[in-house]
Amino acid sequence: MELFERLESNVRAYSRVFPVIFDKAKNAHQFDEAGNCYIDFFAGAGVLNFGHNNEQMKRALIDYLSEDRVTHSLDMCTTAKKIFMESFESIILKPRKMDYKMQFTGPTGTNVIEAALKLARKITGRRQVVAFTDGFHGMTLGSLACTGNQLFRNAAGVPLEHVTRVAFEGYANNGTESLDQLRTLYDDPSSGMTPPAAFLVETIQAEGGVNLASKEWLQALQSLTREFGSLLVIDDIQVGCGRTGRYFSFEGLDLDPDLICMAKGIGGYGTPMAMMLIKPEHDAWNPGEHTGTFRGQNLSFVAGTEALRYFENDKFLNEVTRKGKIIEDSLAKIVKNYSGSFCTVDKCKCPGKPPMKHRGRGMIHGLCVGNGKLAAAIVKTCFENKLIVASCGPEGRILKLIPPLTIEDKVLEEGLRIFVSALDELCK
Amino acid sequence: MELFERLESNVRAYSRVFPVIFDKAKNAHQFDEAGNCYIDFFAGAGVLNFGHNNEQMKRALIDYLSEDRVTHSLDMCTTAKKIFMESFESIILKPRKMDYKMQFTGPTGTNVIEAALKLARKITGRRQVVAFTDGFHGMTLGSLACTGNQLFRNAAGVPLEHVTRVAFEGYANNGTESLDQLRTLYDDPSSGMTPPAAFLVETIQAEGGVNLASKEWLQALQSLTREFGSLLVIDDIQVGCGRTGRYFSFEGLDLDPDLICMAKGIGGYGTPMAMMLIKPEHDAWNPGEHTGTFRGQNLSFVAGTEALRYFENDKFLNEVTRKGKIIEDSLAKIVKNYSGSFCTVDKCKCPGKPPMKHRGRGMIHGLCVGNGKLAAAIVKTCFENKLIVASCGPEGRILKLIPPLTIEDKVLEEGLRIFVSALDELCK
Amino acid sequence: MELFERLESNVRAYSRVFPVIFDKAKNAHQFDEAGNCYIDFFAGAGVLNFGHNNEQMKRALIDYLSEDRVTHSLDMCTTAKKIFMESFESIILKPRKMDYKMQFTGPTGTNVIEAALKLARKITGRRQVVAFTDGFHGMTLGSLACTGNQLFRNAAGVPLEHVTRVAFEGYANNGTESLDQLRTLYDDPSSGMTPPAAFLVETIQAEGGVNLASKEWLQALQSLTREFGSLLVIDDIQVGCGRTGRYFSFEGLDLDPDLICMAKGIGGYGTPMAMMLIKPEHDAWNPGEHTGTFRGQNLSFVAGTEALRYFENDKFLNEVTRKGKIIEDSLAKIVKNYSGSFCTVDKCKCPGKPPMKHRGRGMIHGLCVGNGKLAAAIVKTCFENKLIVASCGPEGRILKLIPPLTIEDKVLEEGLRIFVSALDELCK
Amino acid sequence: MELFERLESNVRAYSRVFPVIFDKAKNAHQFDEAGNCYIDFFAGAGVLNFGHNNEQMKRALIDYLSEDRVTHSLDMCTTAKKIFMESFESIILKPRKMDYKMQFTGPTGTNVIEAALKLARKITGRRQVVAFTDGFHGMTLGSLACTGNQLFRNAAGVPLEHVTRVAFEGYANNGTESLDQLRTLYDDPSSGMTPPAAFLVETIQAEGGVNLASKEWLQALQSLTREFGSLLVIDDIQVGCGRTGRYFSFEGLDLDPDLICMAKGIGGYGTPMAMMLIKPEHDAWNPGEHTGTFRGQNLSFVAGTEALRYFENDKFLNEVTRKGKIIEDSLAKIVKNYSGSFCTVDKCKCPGKPPMKHRGRGMIHGLCVGNGKLAAAIVKTCFENKLIVASCGPEGRILKLIPPLTIEDKVLEEGLRIFVSALDELCK
């Protein structure tokens, strides 16, 4: 560890929370150099939906490598890319009657968000974009302007412009009022506000504290975009790829987004990849207008194609829903048992939310424990007991449970047991 | 190919220039689905310094995968990362008496540039940054503001601010005059200009047209940064990792950059990775101030460690220099033979440069053929003759030759022969 | 008139609404070149609180001129300035127990607003400023960013930044909700919003449609500024100087603004002048940091000193209140008589306000007639009948009645009679 | 004076340099309350071209006031305005074969500059504007972005954007090189720079240090604007209205500006006024797009019309030229006598200019004395000897001599004598 302190920048973060050196990993387990085994309820911040070193993907990757098939190719055509695109069309798009074109951007979430912002601005000829309280969209200047977190924003060093911040559903008890007010503002030539190029929204704000938007709110949002000629851009980077029990987080909500941003889980194996889905009528790019060296990651196409296989029928998603219920039940019990016990610790200042609350869908769940110090203590205790779990949201008050979707029942239950016992220890 | 037209966004670019589907690749050869073999003088835009599917790296990757060692780990500590960092310190930094800390950002060039801009602004408390004419630094909003190319800039959709554009050496016959003028402006309280947070410079502008800065000019630049408390940030993304016959492009120029941005070749196998080197006294980050999901790419650490081995002694770099000479001689001959023949085509408008010129160092060479149409015709003819080469610079007037550093002599010579014959065909 | 069309820019506006050439004027009467006499319910957009060519001021001006006393003096000390400042202190500030320093900026409203924005930003070290829907603060870039009207904003030609737009009281039925939401947002480190340098507010939005803020709302606003270390900046340019029946519009509302912006009426005779009142603890200017050629208008000091005499006792303000009541009664009758009759014309889209409503205080009153076309027709008919009245607010739906405070009762009543008869003509 | 310290903001500036209370003034004399008489070589920062309380204008103003003719009228038509416009057309425009429309903006220089920036941006659809080193254009946010002085710029509190700063002629020995370089940059699609909406230039930078542009340089500038579809905007606020021996400062230079900004002297008597001259083909305003309460200053029209009479024939301008020669000769002698003597004081850091130099045209002359402290000492000594003169330029190193154009010979000579004797005292 001394080496990391000496040679790695102070910016390092997770290695401070989980101060061991990891060496091996399999499905929902991580192993450190000393051979200790940890249960992973974090899944690489939502990347490892299909577990660490997924066997199917591993074999595909080794085969691909062994045969000297092309690894790096910018945005040239490759066989691996062709197969991925065909699979995505046949497995994901067609059964959902979705008609989209694919753009592979630089292989990180922030790159695909930047591409979406550019495209929305190009299509509409407008500058301003609406982003929401507690939204998280990335670290580069365009995405960062859309991100709410002040620690990140302060690091910009320049003003973050061209973004209007609007209250997400549930924020300060807000329903659709803030959307209704936008309508009034956009209709009024003296309001000082004009309709935006796009509304950039996560259906579930994962980093922001596992805040869920309802169907009603999202439909009100979609209506607003349609009324004013704005684009509806869904950031499905953390909650897409099956996390919610559906392939896309917005399925079943009668939404028809103009642009969809994907990353994290799409590459399957933790191999970097980012993709934007574009409604054909919005594919207004000129060739080469948005580029990037690593935008054609063949290893990610190979593992990502294997990942798509999980969605050939409903079995996998049903399992996600079933296991999500296990997490939910466990958290419901915690809320019931500990809701009163928090009177002794710092009051939750989580805006407009009661001090003890859980929320989630599929296999993403958040437990707001009222204050960041307690949440940090829980994370620490869990890790000492060999469970990797992390906090999120304003001041880190929310514990976020996002195990691999492929986690075995008994590992899930063991993880939940460690989690509960940490609360037992710290909250009684 | 129809599939790509139907399903991939119009933004696709290289697949239009090289309209085949690639399947396999080895060192300096790429093979399409029909089995055609192409010589690669493009190396994935400067990523594949060590060739396609480098055998050493391939074995290391397959071993790593086979043993289920951790693949995705955010910025947690891993064994693979530790070994990479140790190797980088012992092989690269120590022998060069360089003292830097490492930051692994999102694994693309633009992400590391954005991080450098943030850090420089944080350290100095200043907003403005100087970037140079024809500079290329990436596609996300912060980097894009530093990039010169108007096609890319126009796609931003918002004003690109906080960057002062200054003439690079040789631009419009400019020597150090534009640097001298900056000194006057910064010294003068009525000039309307104040010293910047950083000067962001490529020692060789690769995308910008293979423009080389001299030792004198770079030292004048460094003096200016020192005088005014600005940071010297070197973007070594395309020309680092041995490309110039030195590990860093700025070696031997008596430069002492504050921040060094690396990407492309650093991951070895075309596996994405980006790294910033930070002088310890400038490591002003707070933990977690700049993050990113894919910032700890273990497959890239594994392949990247193998790549570092090439620099354990001088042998490899000497080879780069030797092979660079072969390219140079070939281009010198072209310039000699064809300099007159261009009178019949559109005059070169390459600012301040004569219509026929080659320039380069190590194994990056540019041939300015005077106009973009001719350059495009040469690219096309070469590809028909199974050579992959691309153009760059203003209006694409410059052909850039950047084969893998590991290319075999006879493949290099065959590639050059195809290149020369394309000129024979098009310029006589 | 032909001369104006030929030689004056297309930007001319009021001369299109009132297409005659005015030559003389006295108190609430204007006379055109043909000798026609018009009653003035517009008072030079709120400048002429003390009537056209006020006799007292006129004599003082002529005396001043006759004696060759200094007219132009930049910000040097002059006797006229000294007397104005002494009078302002003794007549206005001291009796109200207000402790402020005076800054004379360039003699237009927009200049004093720009100065206030600079000073608030300097004091707080923050960039962002809150301005309100329908707010009007001027035409230069800093003030324009705070102005809501889209016609004006679109003319900027550059993005208008560093301003957060918030709903004014009554906007879309908004009470203090939008202020409460700001509190939540500023308290939350993930909201993406930070407290502003200042809240810039008109207690009555005159140009914006005669929208009145209540004591409760303004106090909620003041509390918010105190809580977050922001400045409360009151723009009293149009409704100060006695217009509301008090000298300052915010008197009696328990407000203690940090900066007060004055212009229009302050110079008394229609002679240009603008003044900022600064709490002594906020007088953070360095000498000469904000300058302007015409910032020491001695003719305005002379006439302005005469204007202050009106406030030596309550008599004048009581008259304002009494005459204001006459206007109010008249408008109340109109609302009563015509509220139903508007069903036949375009529905009022005035945000959150019913189609027929009057509002006002002292001698500023607005009548929302539901649509801009009707309002324009009323203005035209009134002018044909020799009454000068203008519309304001979103799409010009509100008729604004702001006669000189010195208007004689019979002239006021004659004006109201013409106004009512225009409605009779157009609305029955 | 105590009153001013107590009640006037710290921002006051000239009253610190000239710490007396002025009461009366006539032509080139100012009188303080104690009856002391000062010679005025400052003319209200270039406003009082026709002297303090010009007798002709005074009579016209008193007559106008006495007859109750309309004083305040926004932008309505008035007889006084009509007469001014007719006079301006017949006396100024027609004899010079100039075809322009007039726009009366808020009556300060910064307001007319803001209007010009808006109009240029509207016409071209471009954002960026070129302004020059040491340029001074005003204090509101749009104009301030064009102003070079760092004291003023720092007070903005927000980034000053959308302006490219370019070296003025003579700056750091710059001729037309910086203009030539712009041509290269605008021609090059990879330079990162695009042609601006406008070039905003003073033919003589008065506040900036009395820097004169030559005919050659200004024509090179005009060619550049024509080539790239940019507007040529001349800020003639301080050096127009006869100051240079011509009515417009740019006469005789074969220039054909698209927009001309006037203020200061145009109102004649120190009464505020600002006017933009617009080539008819550029009058792209919509009605009311740029407004302002005080844009129709009838007192200024009345005095301004009298001012125009001075230009009915050449007599007055010939006198300006003749008296300018007296100033020039006097300064030439100073330069000759004192050039060597400055070796002992701080070296002039005036960029690219030798330590002792005079420059000027007509009746605006600057003497660079090499350092700001010496200049301040000269100003102080002159004032003690009853001469009002001020310094300007970077660090206030330049003494600017701009007496009223109407100054009597013997007063001019007496002023110059005081000025020389201050140098005698401080430089020997």
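Annotations
Which chain is which? They are A, B, C and D, in the order written, and residues in each are numbered from 1.
Here is the rule we go by: a residue touches a chain if its C-beta (ideal position, glycine included) is under 8 Å from a C-beta of that chain, and two chains touch if they have at least 3 such contacts.
Just so it is clear, the model here is predicted, and its values are computed rather than measured.
More than half of the residue-numbered contact pairs at A-B reappear in one of the options B-D, A-C or C-D, namely C-D.
For subunit A, the chain with the farthest CA centroid is D. Distance between subunit A and subunit C, defined via averaged C-alpha coordinates, is recorded as 49 Å. Centroids built from CA atoms put subunit D at 58 Å from subunit A. Averaged Cα coordinates give subunit C a centre that lies 31 Å from the centre of subunit D.
Residue positions 127, 151, 158-159, 161-162 of subunit D are each in touch with at least two other chains. Chain contact summary for the complex, subunit D toward subunit C: residues 1, 3-4, 6-16, 18-26, 30-31, 33, 44-48, 52-53, 58, 61-62, 65-79, 82, 85-86, 89, 101-104, 106-111, 114-115, 117-118, 120-122, 127, 138-143, 145, 151-152, 154-158, 161-162, 197, 263-264, 269-272, 276, 278, 283-294, 297, 299. Subunit D meets subunit B in the complex at residues 127, 131, 133-135, 147-151, 153, 159, 161-163, 165, 167, 171-172, 174, 177-178, 180-181, 184-185, 187-194, 208-209, 349, 351-352, 393-395.
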